[in-house]
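The structure appears below as structure tokens.
Here the chain labels run A, B, C and D in written order, and each chain numbers its own residues starting at 1.
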């Protein structure tokens, strides 16, 4: 029973980990850039969701759509003004441009929103579904369902729409895509916007149980890397598997080890996977 | 005499004489001391990151091992930090060899992320093992009277010279390595590992040697840091932001793979951080860091190969012209 | 009272900032000029080192607000009388959340701004790193950090105005047992969960120690990583532990997550927080009605001296948090020490701090109505308080001599 | 078979489900120049890469002077005396021409003598005048010669040349062929992959033909030119033209 509870918890939280990490893997897949600032867009999404709740009275689950839209637009701007310029630079320059971006966003948020921890109050924040001895947290369940929906939407977009196909073509060969009449720059802009927008969306859906503050990104950045590496850098399907893996590992490892060591367990799995299967658990899938 | 040698001699003379004009326990000398330390750390990183082109984001692991080894030996057994430094360097080197095994085949982003995880592993271990490390509460170097043997001084001046000596030493190691057979092999591996192997370079071996050197030196610098600050906790010495990313950033901003890069980078970054902090932080929280971040991005956008790259290019052109 | 949306009292800080700018610039260009700063006369420079950015920024900002309030009051009342009305000039520096930075900026304040004392730096690790500098430069450091290490190293220049973490931990358990007994319950089985920081671990150690002495069984003892993203595994363990009360020590985010998850799983046992995130206005704001009845230990409380803390509430719209209060006390005590010794000299201030009982100004807001440091620098009069969320307010409910209201125990 | 410097027996290489080499066997005698030909995708470069250890052998044996080398790392194989040049030119582009070759010479020498050797090797391939140029700044034919010099600097017993004559004009090609012959005269054993048929036919003592990863013929140039299977598979039109 305890195991089942842990498994259910792991799956629910894993869905959330997946949706916040999909953006990171998408950006890497299309542009080959590891975005260290990705988690800052999660923070921005949380703030947008929070403000939508505080000013407009919108539930964060609805506010998440606004968070997506706002951060999507911001992402397009960031791609156009910054990331675009280092696409051909050495990886070190790419990584450290995003590190600079991380510092800028975090401190701009500190200036703009103040250092306060902010939390929304929802009617269901302490609700749970009860199945026998099994508790299913309503905020977790809601976040999980929203994650599933957004994952499906992304899958449809990537596989069924012209944009999605054009984007994948750009990812494989930007030059060839240009020759076929695809505006590769525009595709990258959309990809980056979509990537950070999804992360922001994920940030807003966890608001019912998570607190937002300007440095909240730091709590997620390593976790997000773990998710995408487990799943395979650049693989969207992989991020979903990776998210689930991280959620379940965290949840189950707590039964055998002190909770304090949950990240140790996670990192050891992370290193092992990198060493043995650098293409991730879902190698090859895109 | 080669112009770079002349330049180095002048810089060293200035560095040796400069403190005589400063308050020996003052703020400026402290900033300079930290700058020299970070230049040395970044130079140690440069052996792996610059020569072997393996972008490590986990160098805090070695740094922390050095800081903890010497401090634990000092606190528990009263051993001189000099001995602790040797022990720490040995442990750091050994850990570097260990890290090399699973990361050997990884390149680029994958290597960076794997090393990042190793750094975090060390942080978690230091945090969860209080009986050895003092845990999250940190560990203090016991107060002692001024003594070279115990590497402890009330004034900052001796630390300044300690760090300067460290930087000179690490830079010498870097220059000799780069100019030697190992340097050629590392550059070959960096440019094309397959071709290097086929013409007889044991890529795994040279990468491991570089990692071991770098890790050992980084650990020794960890001891120097511990003796200088007297107190540290796991986040300070094993931290991703404060150490791992910072040393890589310094080298990258200065110009990786060059002896001058980390030094130039450190003398830009550390004082920049200080200035941003002292000018702006009293005003509005976050503004100084914001400005710092914007400057970082600007430098990377304008000069992605590092600040010394234009100078290097000029020098290279001059050399080839002369060679003709 | 002028209207300002900005929280930090720009008028007070403007000269400081300009001075720092000039000094900083000059120091880089010409180190000689920087030394001239020593010769400056006029206002008394007091260093403030706080985490104004980074993870602890909120607490740093609150602390600064407290200090600013106290400084304004002192200056408005005519400055330091023993020095002919010299005003207090705060020199504020951001320690970020890294100990090395705390030490470096401390050094800067000492040498460039010739501060007579430093206040800060909220988090224990920051204060300890900072104290390594102040001790070597013989500058008094007044702090409200809890960690036992602060005053256990034999330093002469450090002053801890609050009770130590182990004392807080002990009181957390004994006071709770007391409250439970009054409600007719014998406390036998408790759970502790804490973030693995200096603050969390030392407080947990205090509870653990006391439990052993008093024969209370600890049925769950879990540290968790700072910045935990999912507390469910902890709550699952708690559910299986059959505890009568739970003692969490954490900052706000984890605190909210813990309470929410507990409520989801219908775990109704009393929660006794370890200060940190449990006693700030945002806790109530985040949880709404579910904050009701949550207890916490606290090193100080605004309701012990409403006449002093009311102005803070008026100005900022929420009650004066304990870190704001205790930092105001630090400044107030420092100024009293300068008045008593008659000179703005670090050594004289230190000696006065060690020997005098301070019972004026903000010192009245502390337990015992005064502050008295022993030779290690610990305020011997400070006693931990038990506070509880009742209605919209955080009220002191124990020990009984300080209690403003009766504790509510929902076993 | 004792006089065979290199003996390949039943060599196979698989990539996932793709059989790139199947049961390839041949030997090369000391001082021989062996030609290796086959249509595009026949597995020539794969064979070279497998011989020098870049690709792991799936099955079979490779003996260099009687010693089994299958499964060893490339640098070990290079140390035993077998190296190759790269078809697409894999120079260390950011290093100088001299330094490129120096890396090869370091295999058996210290830095000082390696430098002398490297310069001598570059002289031999006719690049003595561009020692300090950046390798990336060279023309394509020059790069191929640096490749050759770098391989020579390792002091090999057997050297595999993968299309060193690509993109050369007739004069340059004659020069390279002269060079290869002189290397043979120095006692080197050479295997050549080349698309240019006139070169192969005049240069090689013997020819091995690959198609779809299998050896389909082996013999003197004249015999290969007459082999109907080879003509059908590959030579046909091109050689007769």
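Just so we're on the same page, a residue touches a chain if its C-beta (ideal position, glycine included) is under 8 Å from a C-beta of that chain, and two chains touch if they have at least 3 such contacts.
Per UniProt, the chains are A, B = Branched-chain amino acid ABC transporter permease; D = ABC transporter ATP-binding protein.
Note that the coordinates shown come from a computational prediction; the quantities given were computed from them, not determined experimentally.
By the touching criterion, once subunit B is set aside and every other chain stays in place, the chains split into these groups: A, C | D.
In summary, no chain was found to touch both subunit B and subunit D. With chains reduced to the mean position of their C-alpha atoms, the one farthest from subunit B is D.
Of all chains shown, B has the CA centroid lying nearest to the centroid of every protein CA atom. Chain geometry summary: the mean Cα position of subunit A and that of subunit D are 49 Å apart. Chain centres here are Cα averages; for subunit B and subunit C they lie 35 Å apart.
Separating the CA-averaged centres of subunit C and subunit D is a span of 74 Å. The residues of subunit A that reach two or more other chains are 107, 110, 115, 214, 258, 260, 263, listed in rising order.
Among all residues of subunit B, those that touch two or more other chains are 124, 127-128, 284-286, 289. Pairs of chains meeting the touch criterion are A-B, A-C, B-C, B-D. Put simply, subunit B touches subunit A in their complex at residues 49, 55, 101-103, 105-106, 108-110, 112-114, 116-118, 120-121, 124-125, 127-128, 240, 245, 248-249, 252-253, 256, 284-287, 289-290, 292-294, 296-297, 300-301, 304-305. By the touch criterion given at the top, residues 8, 13, 16-17, 20-21, 24-25, 27-28, 31-32, 34-35, 52-53, 57, 60-61, 91-94, 96, 98-101, 103-105, 107-108, 110-112, 124-125, 128-129, 132, 135-137, 147, 149, 153-154, 196-198, 200-202, 223, 225-226 of subunit C touch subunit B in their complex.
Contacts from subunit C toward subunit A in the complex involve residues 52-55, 57-58, 60-61, 196, 222-225, 227-230, 232-234, 236-237, 240, 251-253, 256-257, 259-261, 263-266, 277, 282, 285-288, 290. Across the complex, subunit B meets subunit D through its residues 180-181, 184-185, 187-188, 191-192, 194-204, 319-320, 323-324. The residues of subunit A lying in touch with subunit B in their complex are 28, 34, 82, 85-86, 89-93, 95-97, 99-104, 106-111, 115, 214, 222, 225-226, 229, 233, 258, 260-261, 263-264, 267-268, 270-272, 274-275, 278.
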